[in-house]
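The following pair of complexes shares a single chain, chain A, combined with chain B in the former and chain C in the latter.
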Partner chain A sequence: MLEAISFGDAGWGDEMLMGAFWTVAVSISSILLGLVIGIIFAGFKLSSIRVLNLIAEFYTTIIRGVPELLVIYLLFFGGGSAVMYVAKIFGYFGYIELQPFVIGTLAVGAISGAYSTEVIRGAVNAIPRSQFETGSALGLKGFRLYQKIIFPQVARLALPGIGNVWQITLKDTALISVTGLVEIMRQSRIASGSTHEPFIFYTIAIILYLIITRVSNVAFDKAEIRYSRGFVKRKIS
Partner chain B sequence: MKKINLIFISLILAISSTIAIAGDWSKIRIGTEGAYEPWNFTDSAGNIVGAEIDLANNLCERMNAECTFVQQDWDGIIPALTQGKYDVIMAGMSVTDERKKTISFSKAYMTEPARFFTLNSSPLSTFSSAKNLNLDDDGSATAGTISSLNNALKGAKLGVTVATIHEDFANSYLDTDLKIYPTQDEMNLDLAAGRIDAMLCDVGTAEAFMGTAGGANVVTFGPNVFGGPLGEGVGAGIRQSDTDLKAMFDKAIADAAADGTITKISMQWFGKDLAP
Partner chain C sequence: MRFELMYESFFKILKGVPLTLEVVFISTLLGFGLAIIVALMRISDNKLYSVPAYSFIYLIRGTPLLLQLYFVYYGISQFSFVRESFLWPILREPFWCGIITLTISTGAYSAEIIRGGIQSVSQGYIESGKALGLGRVSLFFRIVMPITIRQALPAYGNELILMVKASSLISIVTLMEITGIARTIISKTYAPVEIFLVAGSIYLFINFIITRLVKYAENRLSIPST
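Showing the complex of A and B:
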């Protein structure tokens, strides 16, 4: 048992940790990509331009309505073929491999982005109109208005929801093992298939996921406190 | 417009990593699962090892090719071949008609019958039948063995792994309740825990499990099953367009079988001769 999780060539400890590293790496890059998508599409949804509304609505409806695994399959198998098809039009007939990390980040980021869009849209909607008006009255316009007045308040309202999206994103990374990226899930499958000790390795996987979520919860709690300065924590009594 | 196209294509090239040009077989990329002991698996140092790895290296020497291994999850192993992630699959994959619709195969390099496994406490463990069940043989003996198997398995829950020749066989020949597993290991655990009454799989994989503490109570029963949907054996999967590569593998495999190399590798990893 201890031999199985020892470090170095005799055990799987280093491989499992490396898997955890990739899980964290994909999760972080996916949530960041998702936040960028979320901010842009929340803007689209709140925009008064009808076409932008429709684009954003189409995106969130499709991604949130389709199983995550399907989105990943589509990007992994379909994405590669699509890229090669385009390359053929330009006269390149070789094989182009999309890196599993890139595909994984795109797929999980696209999923995460759809949820972030809704969280950010909700948070912006919750900000009273008067805040925008006060900002204008102070002479702030456009980006400055958002930077100084709106964003800090959106962050406070969006953080609990984003924390939720983060946990979903973290767990979605388990699905990208199909792309060949050796993250925690794929590594546990390799180790259990090679040693016939699935119980040990899936248990280690559970522990690794729990450690990552626990640490990130602490970070999100800290951030929530930071962005809630000046607010009293309300409890239902 | 042209400018946008150029930006797009350079973006694509920027995120692409390996680029290979087909038709030149001095370098061959072999796709394998790396989690199917003893066929192909990963040692604790992270190296891919196993019977098929030894065999592939030997075949590549015969073909004067430089071989690299690419690990791929079983779920996407055929699409990744057709897309060109690697050129050959050597992953304990049985040659079947169903798979031949999508890819072609070299001649089989190893053959292994399927068998049923149960716990030694199960009434099924005492079931006796003909020694072999050859599904390519249409005689009455075949029908008799199948019906006695169906009688014995009445009301029992039989495990198979998903999208395997064993699932095909069970679907087309057996009436019993099937429980379909994504991996062999999950099926092993459920058999040991008594959640299924029996499982159907390759002899070698089950024997590897029987050698561990968790599989100590597992025994085999029934006939050796082969032919029909169970196919000719395990072969190398190759894209249908690469007929030259298939010819190279066919010849190398025939040579390796003839000079005893496959027998030697098989004895080393399986403890028995699986040479075709």
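Showing the complex of A and C:
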């Protein structure tokens, strides 16, 4: 039994760690994509242009009301042809096959983006109007106003919510094992299939996920403290 | 867009709706019972109760549902003593493994929702109940629980929608509910967008109905403003 989880050629220890690496890698690239989507669509939701409101509302409603697995199937089976369709417009007619990592990032990023949209929108809404007014009184306009006054405060207010989105994103990456990316889930399936020890490998997978969760919780707590400098934490007694 | 295909597959996918609803219904019902027990253990002053409850919630919320499903379906059945036990007729069925996993999962998530609800019941209500001579059990069922349900209902409505979405995972252990049928059609026809739209609309419709029902219940339970 110990041989099965040892490192090197005989055991699966190093492979499982590699799986953990890919889980973290795809989670990070997904949440980054999700944050970019979130900033854009939060802007859409807050804008006074009706069409943009509708587009953003449509996107978040669909993603939050439809199973993640279905979104992943959509991109797994349809992502390649969608990219080829776009490539054709630009005059490229070759065959494009997307890497599982790219499909995974697109799918989980799209899901993560819907949750980030709501978090960022809530954070921007929580900033008092006077902050915008003070900014413009100081002569800041448009992007500069957001860069200097609004974004630093949005970061502080959105951080706890983004921490939750990170947990969701991390767990959603388990679903992209169905597309063939060898992350923790897929690796433990392969290992338990080959050794007939599913109990051990799924237990290791549970431990790996719990370690990643724990470490990221600590990191988010640190970041929250850093971004809340100058703010007294309200104590609830 | 292949509209004819969408029309045909709509009726095929519709056949998966009863299974989705059945799984969601059974595991939500069992999970609610589990959640109340876990929530009460979690807020207990006795560490013998609160530590196991806390660990259970941490374990379930920190790991992906798919992993929990694989653990129940493949991991536990590895041992011959399980296969020889009276539990085997249940654990070898993908249906019951799905129910067990979803029950445990919603039990942990709902426990946190219910805990929040219970802790929001103000001390004054409990003291009034005691002053009226209510015992521990009737105090819980007549005072604490009704207020908890009113407080927790909006968050619990979200949990119900998450359960409908989570039930799609049982298609991975061969059960042919909405997502399972949709996946089969996609791999046969290679029309991911069309099938996604059909299956997605069915899910959105189910979730829309749930949202309305929860909203209705919220209105019924809310204190009428004078």
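Rule of thumb we're sticking to: the second predicted complex is superposed on the first by the 221 of 237 C-alpha atoms of A that agree within 3 Å, B and C clash if a C-alpha of one lies under 4 Å from a C-alpha of the other, contacts with A are read in each partner's own complex, and residues count from 1 in each chain.
Simple rule for what comes next: a residue touches a chain if its C-beta (ideal position, glycine included) is under 8 Å from a C-beta of that chain, and two chains touch if they have at least 3 such contacts.
Predicted model, so just to flag it, every value in this text is computed and none were measured.
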A:E68 touches, of chain B and chain C: first, second, both or neither? second
Touching partner for A:P152 - first (chain B), second (chain C), both, neither: neither
Which superposed partner A:S177 touches (first chain B, second chain C, both, neither): both
Contacts of A:F90 with chain B and chain C, given as first, second, both or neither: first
Partner chain(s) touched by A:P160 [first = chain B, second = chain C, both, neither]: neither
Partner chain(s) touched by A:P198 [first = chain B, second = chain C, both, neither]: both
Common interface positions of chain A, toward chain B and toward chain C: 76-77, 177-178, 189, 192, 196-199
Of chain A, residues touching chain C in the complex: 61-62, 64-71, 73-74, 76-78, 167, 171-175, 177-178, 184-185, 188-189, 192, 196-199, 202-203, 205-206, 209-210, 213-214
Chain C to chain A touching residues, read off their complex: 58-59, 61-67, 70-71, 74-76, 78-79, 161, 164-169, 171-172, 179, 182-183, 186-187, 190, 192-193, 196, 199-200, 203-204, 207-208
In the complex, chain A residues that touch chain B: 4, 8-12, 14-15, 76-77, 80-81, 83-84, 86-87, 90, 93-99, 102, 177-180, 182, 186, 189-199
Footprint of chain A on chain B - complex, ascending: 5, 8-9, 12-13, 15-22, 33-37, 41-46, 70-73, 75-76, 79-80, 83-85, 183-186, 188-189, 208-209, 212, 214-215
